[in-house]
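Everything below concerns the one structure shown next.
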Amino acid sequence: MDINVRKRSQIQVIQLRGPLRLGLAVDELRQTLEDLTAGGDTRIVLNLAEVPMVDSSGIGLIVRYLASTKQRGGSVKLLQPSKFAIQTLRLVGVLNLFEIFDQEDVAVDSFV
Amino acid sequence: MNDQRTGRDVDVLELLDLRIPAESAGVAEAADKVTETLTRLSVPEEKRLVIGLAVQEALANAVVHGCGNDPSKEVRCQVKTNPIGLVLIIVTDPGPGFTSELLPDPSQQESLQMDHGRGVYLIRQLMDEVQFVNGGNEIRMWKY
Amino acid sequence: MNDQRTGRDVDVLELLDLRIPAESAGVAEAADKVTETLTRLSVPEEKRLVIGLAVQEALANAVVHGCGNDPSKEVRCQVKTNPIGLVLIIVTDPGPGFTSELLPDPSQQESLQMDHGRGVYLIRQLMDEVQFVNGGNEIRMWKY
Amino acid sequence: MDINVRKRSQIQVIQLRGPLRLGLAVDELRQTLEDLTAGGDTRIVLNLAEVPMVDSSGIGLIVRYLASTKQRGGSVKLLQPSKFAIQTLRLVGVLNLFEIFDQEDVAVDSFV
């Protein structure tokens, strides 16, 4: 999994490339989220444009950090999830927990 | 392949019979192989994605819960099809099995923020028919 | 405290009654608090270590399996003792429970390399008496 | 958890300080082991002298990397585990899977 992190006006934008699933991909994203939140960053945009699929361990991870960032006044917002990723989130009932955006600017600005 | 739903016996084509070491890298690789095979057979993308994710989940459970991530253990993944395009996936692990009927429903409001427990539920949503056999260490799942 | 083993009713001292958010940091913190409390009571080091690890395991299960690591959920940890130094720990979670009798034995040769599934077994080895109540979402464990 | 990694004649020596248990400690050690093995290092000495306790998730992690390094010709060997850590490993039946050492030199040399 390719993970790229940029900070834009106090918001961390994480760009992923590749399937988000059990193993290295989920482990690396967990570590990234752990590092960011440990450093006090709780406002996160997750760019899923190049993520063809998210499995249940990926969903569990995102949902977990959604909960913990929200408790600290932040959130995890999703940018451009694929049709199949949206379908998957809907099938397990968590789609409505997330704010979803088409444009990075709008996602970033939504935090202010 | 005896299609339990319709009761017909149908001609079976064995597409894949993989044995993978019980580690997450093997899961991803095998799931990708299944998807590639379906691509070669011109299975439409949406159906491919759905089956690929179900295989990923079933293999992940077999590796994590069935084998405790012990790479010296092996998980088997069979893919079969028939002339009318039905796909049957069988994933088998050497573990203790489990009682799938006892699993809590992860889509309940109070469970929505849990960080696990969605795999079996997701498989049931994605596939058209799902059976657990041999006390739960073998899953058979059909996509029509 | 009704000591189920000896059938006596004994005087109870409530040492701790913690409620922690369901996340691993809370588990470590609470387990440390239990150990510190036992230190203040001059419980010998070995007994302290044993109880501390059992508490760590019970809380970890409550947080991970009982709450799915959802920090908006809460786990309760009670520590009681009596004049003769018996220690009772009660850990409660809001989850679905489980059937502890159905767990595979992690000390079997073929399970030794699994990367999980040792928590409940370890608790049973460490403590003198262990009971699961309310369908498994409450564990009561005694060290004499 | 304090984690310190040194390489000594092709052997990675990981020194831990603090309880090895669920959460940050296990996550950080997992990441360290993942990074080392991904880089091809499979001969590992784990210094447990300053680890007062190891819980079942810590045991699971060590056992997992013991298995995967062994498959690749390496191993995870334990240096100076405390009496309680040894007792814990024995209670769950995995003590005999490990080579255990009192001296770092001897542990490192045992790989050749």
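Labels for the chains are A, B, C and D, by order of writing; each one numbers its residues from 1.
One rule holds in what follows: a contact is a pair of C-beta atoms (placed from the backbone, for glycine too) under 8 Å apart; a residue touches a chain by one contact, two chains touch by 3 or more.
As the structure is a prediction and not an experimental result, all values here were calculated from the model.
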B-D against C-D, pair bridged by the larger set of C-beta contacts: C-D
Geometric centre distance via CA averages, subunit C-subunit B, whole Å: 35
Interchain centroid distance [CA atoms averaged], subunit A/subunit D, Å: 32
Chain centre separation in whole Å, for subunit D relative to subunit C (CA means): 26
Of all residues in subunit C, the ones touching two or more other chains: 23, 64, 68-70, 72, 113-117
Touching two or more other chains - residue numbers and ranges from subunit D: 24, 60, 64, 67
Touch-based graph of the chains, sorted into line, ring, star, complete or other: complete
Sites on subunit A touched by subunit C in the complex: 60, 64, 67-68, 71
Contact set on subunit B toward subunit D in their complex: 21, 23, 68-72
Contacting residues of subunit A [partner subunit B, same complex]: 19, 21-25, 52-53, 55-57, 59-61, 63-64, 66-67, 84, 88, 91-94, 97
Residue ranges of subunit B in contact with subunit A within the complex: 23-25, 27-28, 31, 46, 49, 52-53, 56-57, 60, 64, 106-107, 112-119, 121-122, 125-126
Subunit C-touching residues of subunit B, taken from the complex the two chains share: 64, 67-70, 72-73, 94-96, 99, 102, 104, 110-111, 113-117
